[in-house]
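Heads up, the next two complexes both have chain A, just with different partners, chain B and then chain C.
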Partner chain A sequence: MIMEFPITPPIGDRVKRKETLRFVTGTGHYVDDLLPPGTLHAAFVRSSCAHARIKGVAVEAARAMPGVHAVFTGEDIAHQVKPLRVGGSSLLRQIKLYPLAVDKVRYYGEPLAVVVADNRYLAEDAVEAVSVDYSPLPVVIDPEAAMEPGAPIVHEDVGSNIVYKYHFATDGIDKVFQDADVVVRERIRSHRIAACPIEPRAYLAHYNKEEDSLTMWSATANPHSLRGRIGDILDFPEGKIRVIAPDVGGSFGVKIQTYQEELLLPYLSRELGRPIKWCETRVEHMRNGRHGRDQIHTIEMALKKDGTMLGIKDKIIADMGSTYTVDHSIMAAALYMTGVYQIQNYAVDAFGISTNKTTHGSLRGIGKADASYVLERLVDIAARELKLDPIDIRMKNFIPPEAFPYRNATGALYDSGQYQLALKRTAAMAGYEQRRKEQAELRKRGIYRGIGVALVMEPTSSSRIHATGGYASCRLRIDPSGAVTVFSSMGEQGQGHETTIAQIVASQTGIPFDKITVIHGDTLPTPYGFGTGSSRSSVVLMPSAWVAGKLMRDKILGIAARQLGVAPEKLEIGDGKVFVRENHQQSIAVMEIVRTAYGAIHLLPENMEPGLEVTGYFVNPNIDYAPDAKGRMNTFSSYPYAAVIAVVDVDVETGMIKIVKYATVHDCGNMINPQIVDTQQQGSIMQGIGAALYEELRYDEDGQLLTSTFMDYRLPSVEEVPELALEHIVTPNPFTPLGAKGAGETGMLGPPPALCNAVEDALSPLGVKIRETPLTPDRILNLIEQAQATSHHA
Partner chain B sequence: MLKKISLTVNGKLCSGEVESRTLLAHFLRDGLRLTGTHLGCVVGRCGACTVLWNGAPVKSCMVFAVQAAGDDIVTVEGLAQDKRLHPLQEAFWKNDAVECGYCTPGMLMSAYGLLDKRIKPTEKDIERAISGNLCRCTGYGNIVAAIKEAALNFTK
Partner chain C sequence: MYPAAFEYLKARSVRDAIAFLKQHGDDAKLLAGGQSLVPMMKLRVARPKVLIDIHRIADLNYIREESGAIRLGAMTRHVQIEESSLIREKIPMLAEAASKIADTQVRNRGTIGGALVQADPCGDYGAVVLALNAQMKCVGQRGDRVIPATDFFTFAYSTALETDEILTEIVMPLPDKCSAGVYLKLEKVAGDFAIASAAVQLSLDSGGACNEVGIGVTGAGMVPQKALAVESLLRGKTMSSALIDQAGQLIQESAEPIEDLRGSAAYKKKALGAILRRAIREALQRADARKPS
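The block that comes next holds the complex of A and B.
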């Protein structure tokens, strides 16, 4: 189905965001800002071993401490609640997971007991007084070691650490490799990182005894799903649960999943009859928030001598961590390893591995970031091998604009794109030709300047059965007073939905932007829908607002048409009136229509329902929920991308990298609010720079996380912001009414491959090859040293 | 042991009872219910809790409430006067320097500490002033632009 997109202002305007006013005045309300009378505070006892049997938990001393109301262990809870409902596809070996560890701990920091006290200080004091008797088990941290026979088993009931397997191959793939002029092979690892929104996770559960009902405030990106999960674990009717995600201080994927602590709080509140709050510390966020990336790819590409790409074979080992519940990171990588290139021969074997690390999960660009990083590195390596310019080899193999919609080897259906144009523009913005010339000059002067190219594509708006259902909804109501409210099925964590939804509804209905209020994140008034992830809001949610707006428009015009005695097609809305296009004098006030809809229903067109309330649904287009006979399927609906050229100087004495320029051209289709897209892109790029250069979650052999504060896990600050040139081209997505493709993640995908390619280019005179990231100064110095050692040997 | 303290917050004399270990940030938020001051790390590394303490920006998670007894504190709630936004707040809004809003109060207070000196800041001054404030959403560019713009209204 190809949709039309009549896009009229304020869609496309750089409207100031509605939500910003409360944020600059400090009057937003995040979970930790709420403090209902009688609130108690929880704190968790966490495992100090990465893998151990729990022999005993001594809680008596803690229970006796001042201000302590209760202490529960995993054992206490296990018989009171059901195990967590875990997600994941049918390929994933299911595990049983309770809110607190029972019998055994599987990662460092796993919650195993909880204290509830009058305030957070007293709760933390009491945590110190709980003593745990462990019987340590051998620890497995390295996913490749975890695959070996005889490795310590993380989940005995699963019987193996290989908890997920996927195989896909197109016909005749081996022949392609045999016949190729060149095959390049590489082992590339995407390292483990953390999302680190500045607001950590925060929850507040309030069970109301009189009403036998439960209200849960959660810094979640997925309120409706959370509601069902709370109902499940407590065996409590979903209809009596209300989940509210108030203002949420960023998510980047980490808050879309449901957590052990999150499901425990409602239980505690019901047991103790008091509101219970828990706000994560930063250390807990690093240890217990879901981690991202951490895939090892052993990948090979078959090419012709002239650089034509023929096929790709990949083996993916994805470290899922310990108490894993989802597997979509693997599929999101495995289905897209051919990226933006015309490669129809492809084979992959993917393995999900359980280890004694923190659980893996969603993080901005999940799986897709690993795929684009590995592929864009491999393309550069192939270019170097064939002595081709990194731009030329890409241009030669890009899917051309006329080939869209394009079905890739795994069945993914790319909506639209102009990759050549994007890269050409980026090259012009970066002054590519000139910079190549300068580079040669600078090298003579001992300056190691490198230029890195990448084109990253980011599948967005995934839909999987029961996990992220392929639709969103908005209910739109005009009250008898004329007040306009939109109830959105999706919460927001900084994306600016209150603004963009209002822009869409204003554009459709002619109601002024300022008069529209958007309510989101509260399961009571909002219609059902899934969380904000996979950049789905502009692709799925915004069209649902558009549909609601259109239904409302049709209704208003229908009422006006009857009153004015003209056909609805002849009418326009504007200036608070509905008027005849040909004769503006012939009009009726919108307020008059409102009064009619509610009070003078005898004047409504035949068969029209009274009132002014409509619900718009939008179904994610082109999604396959099951593979075809050859195993092909499309699980994402839209395919934004960005071309990047990064210019860096590497100081070979200190190992420091300076980004001289970062130029990028981004295509997310039509933009509802280009200002919001720009800001989000900048933030996304900085997060990617952090991932490429500074941020890494590191473990020691015993499974202790070595990087659990902002001291050793370094987020980019303002001082790391490079000179950034950001432009857009617009290739509308033909499958959605707004032509949007999703904008949140592409920015983050660019820096890892572009900066690695740039640094490798800079250090190519020294023969340095980069296989591991982030590119910290000590790693760079090591690489230089190694390269020099090998060249001395040679 | 609880101690009674009083201090001036946003121009008003306030008092409350605190333990010696109570952090200023917690006193402001839980005691005075001024929740605009946010907590992102509670160990002095994110800047979300920045307030002015006797005119200088400080991370209020690194100060005990008792240390601030008798002193003058300004929080984000004290920026707007008579419901009129402060030029910094206006500039943050106009320049789209805010996404989730969690870092925003701390950013504003660090910037306020800089601009309050009434010396025209350079770009480097601005960067230095907010270098201890992390923002995960915006990538900082718009924040710097906003502070620059607001600075024009401050310097004569």
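The block that comes next holds the complex of A and C.
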């Protein structure tokens, strides 16, 4: 179904965000701002070993400490709660996971006991008094080593560290490789990073004994799912649980998952009859928040001499860490390794590996960032091998605009795209031709300037059975006072939903933008929906607001039509009135319609329900919930992308990289609020630059995390922002009413391949090959030396 | 990030603070701007039983020129140094060093005395006080004494101060009028601790030969170092590219950097060589403009 709907203002306007004022004036309301009377504070005893049996946990000394109300170990609660409902597909080997480790710890920092005290300081003091008797086990950190026979096993009940396997191959893949003129082959690793939202995780659980009900405040991106999981593990009626996500200071995927600590707090509150609070420290966030990336690809591409891409074979080893609960990072990579190119021959073997590292999970660009990074690096490697310009080889192989909707080898259905146009425009913005000439001149003067090209594609709005559901909803109410409220099924963590939803409803109903309030993140008033992730808000949530707006408009016009004695099609809403299009004098005030709907229902059209309240649903288009006979399926609804050209200077004496220019053209389809899209892109690009150049989670061989503070895990700041040229082209998604494709993640995908390609280009006279990231100065200098040593030997 | 329990004492004067130190001995730590100590306490790496707050002692916060030297009270904040017109005019390298410390929030709170006593091997002021041959004025129970910068840093995070002594003043002899200085820092991201840094102050005679020269570096070992061998190499010589390369080589050979997440020892040696060469070149350029004709 191709949708055609008019997009009218204020959709598409650069409307100021409703939520900005409270954030910039420090009057936002976060979990840590809440302190109900009688609140107690939790602190966790965390494993100091990466892999060990728990022989005993001595808690008596801690229980006797001042202000301590209770201490629980994993053993204490294992029989009191059910294990966590683990997500993931049927390919994922299931594990039993409790809120606190029982019998065994599997990563450094895993919670194994909890102290509840009058305040956090006393609780942390008591944590130090808990003594844990460990019997250390051999540690496995490297996923390839974890696949070897005889490797230490992380989950004995699974029996292997290979906890996920996926194979896919199109017919005739081997023949393509036999017949190819050239095959390029490379091993490329995406390194492990952390999401680092400004606000770490924060929870406050309050069990009310008299009402036998539970309220949970959580800095979550997934309130409705969390509610179900709390009900699950506590065996407590879900209807008696209310989850509230107040203002949430960023998620970047990391808060869409449910955590051990998050499920324990409701249990503690019910046991102790007091509100219990825990706010994560930054060190805890680095150790326990879900990590992202960390895939090893051994990938080959078959090509003709002229650069025509024929086929891709890939082997993916994805490090899922220890207490894994999801597997979508692997699928999101495995289904999209052919990227934006016309390659119908493809084979992949993907393995999910459990190791003694922190659990892997969602992080802005999950799986898709790994895929686009690896592929866009490989394309450059192929171009160099064939002595082709990196733009030319891409142009030659892009899926052309007329091929959309385009089904890739794995069955993914790309909605729309103009890749050639995007890259052509980016090249113009970056002054590509001129830069190439400059580059040659600069090299003569000993300046190593490089130009890196990438075109990254970001599948958005994934739908999986019971996990992300495939739909979203908004309830829209005009109350008897005339106040207009939208209840959104999805929360927000900085995306600006309070503004964009109001823009859509204003556009549909004619009700002024300023009069519309958006409520979100509270399971009590809002309709059911899945979490804010996979850039799905503008693909599926915003259309549901659009549908709700349409239903409300129809209802208002229906009431007015009867009162005015005119057909509804002849009516318009504006200036607080409904009027006849041809005769503006013939009108009725919207407030009059409100009063009618609530108080004078005898004036309503026949069979119309009283009141002004409607619920709009929108279902993700084009989703397959099961593979076809050949194993093909489409699990994402939209395919935004960005072309990038990065220009860098590499200082060959110090290894430092300076980004001279970062030019990008982005296509997320129609933009509901271009201002918000721009700022999303800027932040997203900076997060990608951080991942490419500075950020890396590093473990030592004993499995201790070496980068658990911002002293060791450096994020870029405003001082690292390069000269950024950002433009958009608009190719609307033809399958959604708003034509929007999602704008949250694409920006982050660009920097890793574009900067690696640029740095390799800069150092090509020295013969440097980059296969590992981040591009830290010591790594760059080492690579230069290795290359020089090799060339001397040759 | 919750520190262990401690007692907080507010000192109103240096005498107050010394009395507190005498009373509590090794259990006590002085709190200056708190930008290193407080994070360490929050990580429970530092666990002083008593915290003696000296950062509000007004007598310790000043920048003034007096008898051929710039004198800075130990509790002078980085931001004051960074923005001081006197410092910018007379000792630009000090303002440059202050401006490169961490971020605005840290510079608003952190103090020069606190940073020097913290003696982080990658701190910014160490190289500067060594290049300028600064004097550290200390006050203790047994009276005042002056520690030359060269004797001040004894090991990583350790200084020559006794446990009951307080650093009260840093005295920087004013460089010669025709001398020029620079502080260059190699950092992964702005505000990070230095991978390596170099402070170079030098003057040229009318013939273009190097007259006076003072050089301090960080990233060469456990403590910031005065590059004496490089100073002797340059002193009295006409500067040339070859000589500067030799200076870089010399520092590289003698350096024993600590391997950490910012790089291997081998990498840091090269980085130090590069940053020193650049600092010498920049100082030369600045000095050339001031050289007597």
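Points worth noting:
Note that the second predicted complex is superposed on the first by the 794 of 794 C-alpha atoms of A that agree within 3 Å, B and C clash if a C-alpha of one lies under 4 Å from a C-alpha of the other, contacts with A are read in each partner's own complex, and residues count from 1 in each chain.
By our rule, a contact is a pair of C-beta atoms (placed from the backbone, for glycine too) under 8 Å apart; a residue touches a chain by one contact, two chains touch by 3 or more.
Bear in mind that the values here come from a model prediction, so they are computed numbers and not experimental data.
When the two structures are aligned on the shared chain, A:Q687 is found in touch with chain B, with no touch to chain C.
Of the two partner chains placed by superposition, chain B and chain C are both touched by A:T281. By the touch criterion defined above, A:Y121 reaches both chain B and chain C.
Judged by the touch definition given at the top, the superposed model places A:R698 against chain C, while chain B stays out of reach. More residues of chain A lie in contact with B than with the other chain of the pair chain B and chain C. Of the two partner chains, chain B and chain C are each touched by A:L715. When the two structures are aligned on the shared chain, A:L706 is found in touch with chain C, with no touch to chain B. Applying the stated contact rule after C-alpha superposition, one finds that A:T776 touches chain C and leaves chain B untouched.
Legend: residue contacts after superposition of the two complexes on their common chain; A:G250 is shown touching chain B, with no touch to chain C.
Legend: residue contacts after superposition of the two complexes on their common chain; A:G28 is shown touching chain B, with no touch to chain C. Counting contacts as defined above, chain A residues 120-121, 281-282, 709, 711, 715, 717, 719 meet chain B in one complex and chain C in the other.
Across the complex, chain C meets chain A through its residues 1-5, 39, 43-44, 103, 186, 188-193, 195, 261-264, 267-268, 270-271, 274-275.
Contact residues on chain B toward chain A in their complex (touch as defined above): 19, 21-22, 26, 29-30, 33-43, 45-46, 48, 75-77, 79-80, 85, 89, 92-94, 96, 98-105, 108, 127, 130-144.
Those residues of chain A that touch chain C in the complex are listed here as 43, 120-121, 124-125, 128, 281-283, 653-656, 694, 698, 706-707, 709, 711-712, 714-717, 719-720, 776-778, 781-782. Within the complex formed with chain B, the residues of chain A that make contact are 16-17, 19-30, 32-33, 35, 119-121, 196-200, 247-250, 252, 279, 281-282, 493-496, 675-676, 678-687, 709-711, 715, 717-719, 721, 724.
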